[in-house]
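We just call them A, B, C, D, E and F in the order they show up, numbering each chain from 1.
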Amino acid sequence: MKIKIINPNTTLEMTESIRKMAESVCDSDTELLVVSPETGPASIEGYVDEYMAALGVVDEVIKGDKENCDAYIIACFGDPGLQAAREATDKPVLGIAESAMSVAKVIAPYFSILSVLDRSVKVTDDLVGAYGCKEFCRSIRSTGLDVLEFGKNPEKGLEALIEQGKKAINEDGAECILLGCAGFVDFVEAMNKELGVPVLDGVSPAVKLAEAFVKLGIKTSKVNTYKYPEKKDVIGFESIKEGLYL
Amino acid sequence: MKIKIINPNTTLEMTESIRKMAESVCDSDTELLVVSPETGPASIEGYVDEYMAALGVVDEVIKGDKENCDAYIIACFGDPGLQAAREATDKPVLGIAESAMSVAKVIAPYFSILSVLDRSVKVTDDLVGAYGCKEFCRSIRSTGLDVLEFGKNPEKGLEALIEQGKKAINEDGAECILLGCAGFVDFVEAMNKELGVPVLDGVSPAVKLAEAFVKLGIKTSKVNTYKYPEKKDVIGFESIKEGLYL
Amino acid sequence: MKIKIINPNTTLEMTESIRKMAESVCDSDTELLVVSPETGPASIEGYVDEYMAALGVVDEVIKGDKENCDAYIIACFGDPGLQAAREATDKPVLGIAESAMSVAKVIAPYFSILSVLDRSVKVTDDLVGAYGCKEFCRSIRSTGLDVLEFGKNPEKGLEALIEQGKKAINEDGAECILLGCAGFVDFVEAMNKELGVPVLDGVSPAVKLAEAFVKLGIKTSKVNTYKYPEKKDVIGFESIKEGLYL
Amino acid sequence: MKIKIINPNTTLEMTESIRKMAESVCDSDTELLVVSPETGPASIEGYVDEYMAALGVVDEVIKGDKENCDAYIIACFGDPGLQAAREATDKPVLGIAESAMSVAKVIAPYFSILSVLDRSVKVTDDLVGAYGCKEFCRSIRSTGLDVLEFGKNPEKGLEALIEQGKKAINEDGAECILLGCAGFVDFVEAMNKELGVPVLDGVSPAVKLAEAFVKLGIKTSKVNTYKYPEKKDVIGFESIKEGLYL
Amino acid sequence: MKIKIINPNTTLEMTESIRKMAESVCDSDTELLVVSPETGPASIEGYVDEYMAALGVVDEVIKGDKENCDAYIIACFGDPGLQAAREATDKPVLGIAESAMSVAKVIAPYFSILSVLDRSVKVTDDLVGAYGCKEFCRSIRSTGLDVLEFGKNPEKGLEALIEQGKKAINEDGAECILLGCAGFVDFVEAMNKELGVPVLDGVSPAVKLAEAFVKLGIKTSKVNTYKYPEKKDVIGFESIKEGLYL
Amino acid sequence: MKIKIINPNTTLEMTESIRKMAESVCDSDTELLVVSPETGPASIEGYVDEYMAALGVVDEVIKGDKENCDAYIIACFGDPGLQAAREATDKPVLGIAESAMSVAKVIAPYFSILSVLDRSVKVTDDLVGAYGCKEFCRSIRSTGLDVLEFGKNPEKGLEALIEQGKKAINEDGAECILLGCAGFVDFVEAMNKELGVPVLDGVSPAVKLAEAFVKLGIKTSKVNTYKYPEKKDVIGFESIKEGLYL
């Protein structure tokens, strides 16, 4: 089985962190392809970032189908391009935010999400709604640090996450903490020790869910909403055009 | 890894069907314990049925912890006793309704559930709400046949399921069909062929999700809601009392 | 008219408190049967507690129909076994949480519920949702004391309730306070004096509602969801089996 | 105990029907005052109707407090002026729509409402939402006949109600029928026989609920939202001005 | 084009403030009629106030149609009588709360509303729900000052508004502030400077929206819910009777 | 005032239809810039289409700010790139779906949306939710024809729209019809005549709303969610990079 994990941003250090986490949990016979798109922003913290990243995701999915990939993971907590990716292939596509929330609901009645900047709260809030988790999510707390700062100064990052995690538990009633950025995979272990409640990243659940889907032979329903794009003229976006529109 | 699958009713033919389905999808090194509780109703079609079955589930979970089980699956589409089971152990517990909906949301924007009797619609409707799936579920359709009738007359059962499945797709906009009874595992293949959209039972996703949870080392949050029961006097319910209250 | 009030736990002191409250509000020609089931936990603070209690409730309802009872009240704020009880009889069945919320909505736009342990918040939250009261309920506040502690140390209990009640009013915007445990009936008067907003227990509204239902001749709809259980084999649960399944 | 029932429209035949229904269910020591306001429309089928009627309701409540009434019932299924009436007195005020839905939720998981004209559907739909009953209400069906037509041609009215009631049960899944107009009290018995599910008017539940509130000594919370109106200048509306603003 | 702006209360100083604001934003060829009804309360802070004001609004709309008005604005943040006014004319009718929320949603993901007394919070909360804005509205904060106090002591009023506005931004996550009283039009400029986020009154958006509707030729749908009132007897309410019921 | 209207697809005939509609309703002193992006799909019927189009929209907004545009309209009923566009400029940005729903809510209690292909229903459904219109939208009906077919065979298109419009009114209870594709502007007049309820395109309301925003001086809140993108490395997307990230 070959699973492609797409870090939708172009910061390769983060791709490596994601790879390490994924490798530590995947089955021994699972082949992992962990990539960043050729184009896109260095981090994803807003809507323009997200739209650029989404096209990179679609590109990698198109390539992935040629590489005989069996499933795809979008490894950014905004799940950018998730629905477009589901159009672009019939293989299962999992977002890490979606995966983390799916798992959290099984082990705790209420969770909170720790995010990066304040400006990301709305995006995350919309995802929580889109996945039907409004009743389970007690709060989305931001650290005020941007994505890349966590890479540059991990101690400061960890401290900020722990502070917000404690507030989520003590003030908001969270019984499980979700790490709302793929870059946070490096902090899972430390936070699990510190907080006394399950702390989940999204990458590791997504890997196991992707393996499960492949083993079950379950694929995206192509009957209507996620059909391949209709054939039509496209100006620009050559690789997508070639892959999906001709 | 040892996973215990509890068919909450006491119809052993159904337990066998569930076992077959589970064995067909589990990893080669997964040990399956597939059981029915010692007490309980022959099928679960209403609330009294469900409450009796729930205690059997708790019983089997208590036993399972002594048997070194790593995860539990409640194999009835009403997920009876799910929250109680989460109190009774720190191992992950999955319901098949919950698992089926978790998987369906990844592969289709809208699903429908095929159920047995009309009287089960309300229970299923409440589960759909409890799992945050109101927006994804287009309809819950009942066949008008009771649970055991499907075992006695499988052709009639299949026909009724296909008829309702087609209506769900054509009239209600479903793009994926969930089989709303553990006893329907025998019909998955035939329905998948007939309907042209993914048809999901709950048992097979639950098995793969349970394996995923165990491999990830993710356990139920015991910090508050799902803490073990408070120690207290209990009259009757000897095995539960011994297992959880003394 | 004969109304049976079932304290679903087996702490007889609490049954007595409930009886006193019920007697103080019932009509002079209403006969009250106030009982605890023969089996069950001493208090109800979690899901396993609740499931055991629910079966005791069903048992008492079956007996009650032979005793010519006209209505049933489940006197625990989790309303355990409510839907099962509605299956087991065609007489009206009222939960005290349901009754308290029904009354609160008539006299105030927003209420809060005072509960026992933190772990009970989720159960109460689910009930609030199940009864369509999400928009009216401003908060569920727990005292951190367990059910039986209120009996042993009533002053401490009252103090804790008053403290949380004041916060509910001043910080959460509650204009009415619901006492979220049948054992709190002893505190209604003191709290009403202290808080300056209506303070409601659930037992007294349930008694008057039950009388109203009986006088109106309104019974549970047996047309579908709440039909008597389907006839089927049951292993164990002898009294329920005899009463409902044969 | 003295309960004032206000038929908010000025059609005295309807007031008489309401009186008869109320007298048939009230306790022997309950004194009923059943009135129409001095001003207002002959029937209430739209928003302007409703606003005029609401002021008549407030007027009658102000008078009622001088007449030593203990509770008020607004006997029109739109519950016109309900919140204003709660401001105008500290005695409990019940709407018949609110009362009918409160009772329906106890005896059936799903109900439907039968209404008069199509134009009333939106008002009723808003009430269903305001009382937190969206999940319980399966449909609001209109007969296409106006309020007064039911008085003039009761057979035709009954037939139309039965037709819509059957559709609500068979097509929409209703397990209980609410009669969405105070004028329908005359049809309850015939419909109960015909439909095989509980058929509820709102007047009789409201009477018993009002008696219950008075006996329990429960009054409207006057701490904030339903405080008496602030003292201020009012031009016109002499009786209301005198009663509440000086 | 002639737009009638109805200040539903009878405080003419407030009508003048509204007129000034409206004149400052209307097109040069828009004729404004800014009026108070002949009857009604001096301010609108509760339900009885609102119902009296609503009839004044309907009266002015009836007159307005004779004055050849092209659109109507109800200039009180409770939008009293909005739906009745839509029945009374086929010209577009806009409430200022509705208009403010419509505009706010375009420029910010989350807004908060600053209101007068605590007792107004519920009315505003209901409006937020009625306009589908629950997800966008982060808080409704009251100043504790009554409507007329803002006219008498504007500095104190402004200070209170700024204090609550800052809390809405910093504690509740508002990114836009709505002034929840027509009388607050005088504070828009000062607050815009002070708060650093867009501060919106409702009057100026309503004026521009009204102009837009008239230019587009868009009128209220009279096909069902907002049809003119049914012809019928009305006692009292002479001007409304004459205008709409004969 | 200069308003830029962006047809997010690259079919210039559609851009011309949009221009005509916009010119017919804009103020005489409004300068309109009606464009298609340089890149993108010929029509927008799915998620990949939408993501490509969204970047074209962002591009045109960046250019527009250099062209001194005062407001932007995204003229596709999926409102592609709306939130990204709000990040890219502080000028108001309006989507035509958003504008159409804003207007519809003022003139009718319930509307339906007529869409193109079945696969677009989900996107539209999500928009309805995102704009808080779930309660107002009675149905989303698709014609089964694709976007470009309406241009090639307008009679067939009109017929299909009228058929679905009638069903929306008669079966779903719609009192207003929204045309769910910018290409439908050519059908507004014919449908208005045929259907007897207001039929709204989104372009004309968006133009008037944009004018209103500009005249009021209301701009997007840049305080948090819609701040300009954070400065960071971007690979590819040269024009966006230059315009927003350096």
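Here is the rule we go by: a contact is a pair of C-beta atoms (placed from the backbone, for glycine too) under 8 Å apart; a residue touches a chain by one contact, two chains touch by 3 or more.
Everything quoted here is computed from the prediction, not taken from an experiment.
Per-chain CA centroids place chain B at a distance of 44 Å from chain D. Taking each chain's centre as the mean of its C-alpha atoms, chain A lies 29 Å from chain F. With centres set at the average Cα position, the gap from chain A to chain D is 52 Å. Among all residues of chain B, those that touch two or more other chains are 86, 109-110, 121-122, 129, 135, 173, 224-225. If each chain is drawn as a node and touching chains are joined, the picture fits none of the line, ring, star or complete shapes.
Applying the touch criterion to all chain pairs gives A-B, A-C, A-E, A-F, B-C, B-D, B-F, C-D, C-E, D-E, D-F, E-F. Partner chain F is touched in their complex by these residues of chain B: 109-110, 135, 173.
For chain A in complex with chain E, the residues that touch the partner chain are 121-122, 129. Taken together, the chain B residues at the contact with chain A in this complex read 25, 27, 86, 92-94, 98, 102-103, 105-110, 131-136, 169, 173, 175-176, 196-198, 200, 204-205, 208-209, 211-213, 215-216, 218-221, 223-226. Across the interface of their complex, chain E is touched by residues 10, 38-43, 45-52, 54-55, 58, 81, 83-84, 86-88, 117-119, 121-122, 126, 129-130, 146, 148, 224-225, 227, 229-230, 232-237, 240, 244-245 of chain D.
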